[in-house]
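Chain nomenclature is as follows: A, B, C, D and E, assigned in order of appearance, with residue numbering initiated at 1 for each chain independently.
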Amino acid sequence: ADDVDGVREDTKLNFLRNVKCLGKLSYGLRPRDIRSVDPSLFLTNSMPSLVVREHAILLNLGSLRAIAMQERVLIFDYNRKGGKAFIDTLLPRLNPKNMNGGPCMPFMIEAVEAALLSRVQRLEQRLMYIEPRVQALLEVLPNRLTADILEQLRISKQTLVELSSRAGALRQMLLDLLEDPHEIRRICIMGRNCRLSKGNEDLECSVPLEKQIAEEEEEEIEMLLENYLQRCESCHGQSERLLDSAKEMEDSIAVNLSSRRLEVSRVELLLQVGTFCVAVGALVAGIFGMNLRSYLEEHVFAFWLTTAGIIVGAVVAFFLMYSYLRTRKIL
Amino acid sequence: ADDVDGVREDTKLNFLRNVKCLGKLSYGLRPRDIRSVDPSLFLTNSMPSLVVREHAILLNLGSLRAIAMQERVLIFDYNRKGGKAFIDTLLPRLNPKNMNGGPCMPFMIEAVEAALLSRVQRLEQRLMYIEPRVQALLEVLPNRLTADILEQLRISKQTLVELSSRAGALRQMLLDLLEDPHEIRRICIMGRNCRLSKGNEDLECSVPLEKQIAEEEEEEIEMLLENYLQRCESCHGQSERLLDSAKEMEDSIAVNLSSRRLEVSRVELLLQVGTFCVAVGALVAGIFGMNLRSYLEEHVFAFWLTTAGIIVGAVVAFFLMYSYLRTRKIL
Amino acid sequence: ADDVDGVREDTKLNFLRNVKCLGKLSYGLRPRDIRSVDPSLFLTNSMPSLVVREHAILLNLGSLRAIAMQERVLIFDYNRKGGKAFIDTLLPRLNPKNMNGGPCMPFMIEAVEAALLSRVQRLEQRLMYIEPRVQALLEVLPNRLTADILEQLRISKQTLVELSSRAGALRQMLLDLLEDPHEIRRICIMGRNCRLSKGNEDLECSVPLEKQIAEEEEEEIEMLLENYLQRCESCHGQSERLLDSAKEMEDSIAVNLSSRRLEVSRVELLLQVGTFCVAVGALVAGIFGMNLRSYLEEHVFAFWLTTAGIIVGAVVAFFLMYSYLRTRKIL
Amino acid sequence: ADDVDGVREDTKLNFLRNVKCLGKLSYGLRPRDIRSVDPSLFLTNSMPSLVVREHAILLNLGSLRAIAMQERVLIFDYNRKGGKAFIDTLLPRLNPKNMNGGPCMPFMIEAVEAALLSRVQRLEQRLMYIEPRVQALLEVLPNRLTADILEQLRISKQTLVELSSRAGALRQMLLDLLEDPHEIRRICIMGRNCRLSKGNEDLECSVPLEKQIAEEEEEEIEMLLENYLQRCESCHGQSERLLDSAKEMEDSIAVNLSSRRLEVSRVELLLQVGTFCVAVGALVAGIFGMNLRSYLEEHVFAFWLTTAGIIVGAVVAFFLMYSYLRTRKIL
Amino acid sequence: ADDVDGVREDTKLNFLRNVKCLGKLSYGLRPRDIRSVDPSLFLTNSMPSLVVREHAILLNLGSLRAIAMQERVLIFDYNRKGGKAFIDTLLPRLNPKNMNGGPCMPFMIEAVEAALLSRVQRLEQRLMYIEPRVQALLEVLPNRLTADILEQLRISKQTLVELSSRAGALRQMLLDLLEDPHEIRRICIMGRNCRLSKGNEDLECSVPLEKQIAEEEEEEIEMLLENYLQRCESCHGQSERLLDSAKEMEDSIAVNLSSRRLEVSRVELLLQVGTFCVAVGALVAGIFGMNLRSYLEEHVFAFWLTTAGIIVGAVVAFFLMYSYLRTRKIL
């Protein structure tokens, strides 16, 4: 098909540069649905979503945007990180040699699992990268409060905020999916000669065997989703815990700095009391140093008396002020 | 009809300056219902709401207040931003040329979709405007802490608080609507010869074909609402994430500033220790400068001994105080 | 009836000073129920509540405490604001002239609606009073940080905390009521010859017409409650938004002040560096001013050399310290 | 029975010092159940709980730990506050004279109600004690920021945190109980010849009259629990509101203090600018005061010119620096 | 079996160093399931989980990772704290002598209970360790604000954050399990000839007696889980309360420090006013001390007049500035 941007040897993977390449091949999807996976609208569809339509599952998981169909999967913007990770996860699964006896899942479900797996692994890798860094910071911090370490703490916090938000959004998507058995059943009947009955949401298949297979598949999908939900929750919980620790650390640092500034201020105050007393003494000495006649110039002991007066006065003033500030609990 | 304020060429749109223009044309609506879309009461009905009544849907979406009926839509306060955006979104949809084969929806649902679309787009535009600004601030901030940049951060935060609150309120409205299938069914049966049975909320139509159409329409409306819900959630989630980042940034800046102030205070303290020692030296020098007779005036070396005493004393005092403060971890 | 504290011309309103005036007229209410509307126990029943009993509805809405019965309403503590507002809202509704064709509701429901209306209006009035004040503060604040403006911000925040808490409690009460159809049905059957069947919560009336009326009334009450719920939510949402804005503003002010203090501290530090250098210079000058003989007194140029040494030394020391602090990023 | 620690005249109350006194009288309770009310394990069962077992209700309400049975109630650790308050509340209720015609409840339910009542009253008393204190603090605070008042605010906040947490835990316990009709029904059938049918949770009694009595009792218990729930919520809501107010007050005080410190710093800076200029002037004067020959000694007007230079220079320097800092918005 | 790492005398316990030792003995478990208890992936499965599969229960409780089967329990990484505590708790339970008449539970449920018990006890021990420390800190803190005490508060807070997060995760796991009766029933039917019917989740057993036993066991498991849930909630609630208290304390300390710094700053300002006035006086004295001729040298009283002028001027200037700062409320 020349309307797609590229086709690998395995014809099941189709790469599209953007949504326009879909052209008229809308595969029964409405423009509204396609917009929800359009990578160019990343601001309006930044929340992860997994939308089930009649013949396709639309996957929007961060930088991975794809449409999984029964026999093919369309990947938009395949050069971005999410798309590449998805392809790297999906390709080995399509190789029949790697099956080693496990249950053979339909292609579409393999694609969905590969998408979830690549996304969850991305989150886990980021967590594994950031976690030892934050732990090291928390160990080092109370004693080494340099601007550099504080900057590292800030950057780690920003990363954790984003990681926790992304893991939380993915977890919410999986929870919503698991709480809606209708959606999971719609995945199961795709490509089968079954339909959902209106009232009680039961499967109705033309062949009884197909119904049994579909029900087993439903259980399989639920376990699969629960597994990724657990991994997501671990990721989310761990990053929330680290973020909480980092925040509490920052609060404690703020109090610590405040208390140390108070210490510094008190010593400063003590020195200013001293400086003030010395300055008063210097003023007295300066006055006697004026080239004006005080008629004390020739008095014996005038020098020593004045000097003693200045020194004793300064020391007494200092201790008076010191004890006053002490009683008022300022020093 | 001359009781409305203006009628476009397309007679389906009616513009009203305020609720009083409705006059006696209450279209079976109670005063209480009309008050919920009255733009003059914007403080008491600031939450978005979509109220379904027997013959009309009352839309209150921020600055857009309208009543959608089967064949017409009444727009209040049509000169405000919300009203204009609504008209600009609705008019092309009424043009049959733009249909290009999509399913032909009833006029009322087109009006509701246009209202939701114009509102969601408004939120998305504001997010698209603010998002790069905040990202740029977060990049620049730790290094350039000018009053100007801090002011920009403050304004961005205020905008994000409002944006997140508005997107959250709209999202809540859509969630409440989607969780209440009764309301959606009431939209579907409007203008049809159907009714809802009391107990099990099933549709009962006089013509079986109509029932089928109504059920398909119900599914269509649900998908439509889910789509706008997803866009709203993306908007809300993105603005919450940015707001969280901005808050964490502000907390980190506060700690950063605190730590830098401590640095400055410690150097100040060091200087004050120095100044104090110099002041004591100056006091001694001043004392010897008094015009009083100390009988040391003519001693050889008195000058040099005193000078050495002053200088050595000041330096020794400085280092004693410095090492004391060092051991007490104040410096 | 002389057991009540006062009776208006319209005998339907009864005023009681306190719960004791109820005397033996307990109207089939248990002491426990009456305690929940007793205005003297305002600390233990501060949450708004609407309790439906067999023959009466007990209303506890802040400062309005009343018991609505089929033919009369008892108002406690009728001189307080809440009681007065209730009476002012209820009286016009009892006047048949004001009916202008609307559906004639039973007296008890009119009383409940009047109570809700008077309470919601009170909240809205307080919001309308505080909203422009907070907006004005938010506009003015970043530039005018006077103690007066900060105090106004503090008072507004305290008011918003209370308003938001009250609106939230009323909203919760309405939500609980709307989620419990059993309670609403119990209101409908009061005074009718109907009863609620145990299992499926259906109405059973002796006269079929009464059942239909009761069901219509039930729908009417639900719409009425939803309407007040919407107004309450608008009030709550708006006050929460304002409170969030005020809090973010305060956080930003704190960072702003912190950054300005750092600026001030850095200039102070610069000046202290200068003062220290000048003080050292003054010490040198003071030493040469001692009345001791340095044998330099008569040297030509000694004065000018020393002066140049002092000045050059001070300036060089200043720039050395300045550049050192600059490289350590303290200045 | 000599295995209990004490028996009052009214043999229905049994006092036990600790759980070991229960001895072999386990009354069909498992060790696990008994551990949940053991007062010596207060850290592992600090959450209030009301556990219904076949023949007993285990009450764990803070410092009150008791087992209510059909004919007796065992109270552990009866000397603690909670136990005493419980006994004081329960004893009057057992006196038939105080019944005054109200419905005669089974002893076990009287005991449960007494326990809840004594616990709720304890919370209300603490709230009534703390509420006027906090209100007074909030009035006084912005103007009188003494260490003493701040300390009182801190202690009130700690009390409110605890009160709100306790009231919230009790409220959650009551909510859980009310949302689980199964538990309430199990209380009702105790001592009756009834059993709960498996599927639809209906009562099945051997005597129809008993079924009716049990159903009425169920309704009575629900109303009773709802009443205590309301009191608990009032208590919780009021303490949360006070706590919020106190927190907002503290935040505002922090900003207030920050702004005042900035004010002080700016005046300090102004003085330091002045001091610096004076110091430079003093340096010049000191230089001329050196006992070195400047050959200006005998010049007429040298003194006055120099003096004028010093003063004018200092004043000009001051105003230059002042206006520079003014334009940079530091002063 | 030599594929396991070690076997105790009691062959029911099997110890495995890591998941690879499981080898081909996958016991019908999928790789995905085994990964959820793999201790080497502790970052991706840090959330506690209890997964029920057809023949095994996979336990992941922090540092305890085990697979409980009908006749054996596999423990991974048995040397870590969690594994050891589990073995110490489980072994006595397997000894028939310790049964003392209690109901004999299947081995698998004993293992699950031992796992939960060892985990909950670990949390409780940590809480019992930290609780008196935090209480002591809260008592001591407002008066003794040393760096050491602040550091202890910081460490306690970090411990409480982690403890609260772990207890909360375990509580959530137990809540999820209790809200899903399907899972509990699947535990009950393990090893029995029963199956769950699809629709109504009822048990279907080949032998009626087995059904009854299974149902009793179900009730037993529910009570068991509820008991551990209560202990978990106590632990979580208590640590949250302590953490809240510690946070409020830290906030109060911050305000306290801020207020004390303001006090210190104000005294500093006062001293600087004094120093400034003294410095001006010293400048005047210095000017008169210049070796320049002012022609006042020989005037009688010039000295005393000047001295009086300096002192009076300094004192007057001080009081002028002091009262000015007082009126501006800066001092």
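As a working rule, a contact is a pair of C-beta atoms (placed from the backbone, for glycine too) under 8 Å apart; a residue touches a chain by one contact, two chains touch by 3 or more.
Quantities reported herein were computed from a predicted structural model and do not represent experimental measurements.
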| item | value |
| --- | --- |
| Same vs different contact residues, subunit C with subunit D, by half of numbers used | different |
| Copy-to-copy rotation for subunit B and subunit D - C-alpha atoms, rounded to a multiple of 5° | 145 |
| Intercentroid distance (Cα basis), subunit E paired with subunit A, Å | 20 |
| Subunit C and subunit E, separation of their C-alpha mean positions in angstrom | 33 |
| Two or more partner chains touched - positions in subunit C | 147, 254, 258, 260-261, 265, 268, 272, 275, 279, 282, 286, 289-291, 294 |
| Touch-based graph of the chains, sorted into line, ring, star, complete or other | ring |
| Complete ring sequence of chains beginning with subunit D, oriented so that subunit E follows | D, E, A, B, C |
| Subunit E residues within the subunit D interface of the complex | 102, 124, 127-128, 131, 138, 142, 223-224, 227, 230-231, 233-235, 237-238, 240-241, 244-245, 248-249, 251-252, 254-256, 258-262, 265-266, 268-269, 272-273, 275-276, 279-280, 282-283, 286-287, 289-295, 325, 330 |
| Complex contact set, residues of subunit A against subunit B | 30-33, 36, 43-47, 49, 145, 147, 150-151, 153-154, 157-158, 161-162, 165, 169, 247, 250, 253-254, 257-258, 260-261, 263-265, 267-268, 271-272, 274-275, 278-279, 281-282, 285-286, 288-291, 294, 296-300, 302-304, 306-307, 310, 314 |
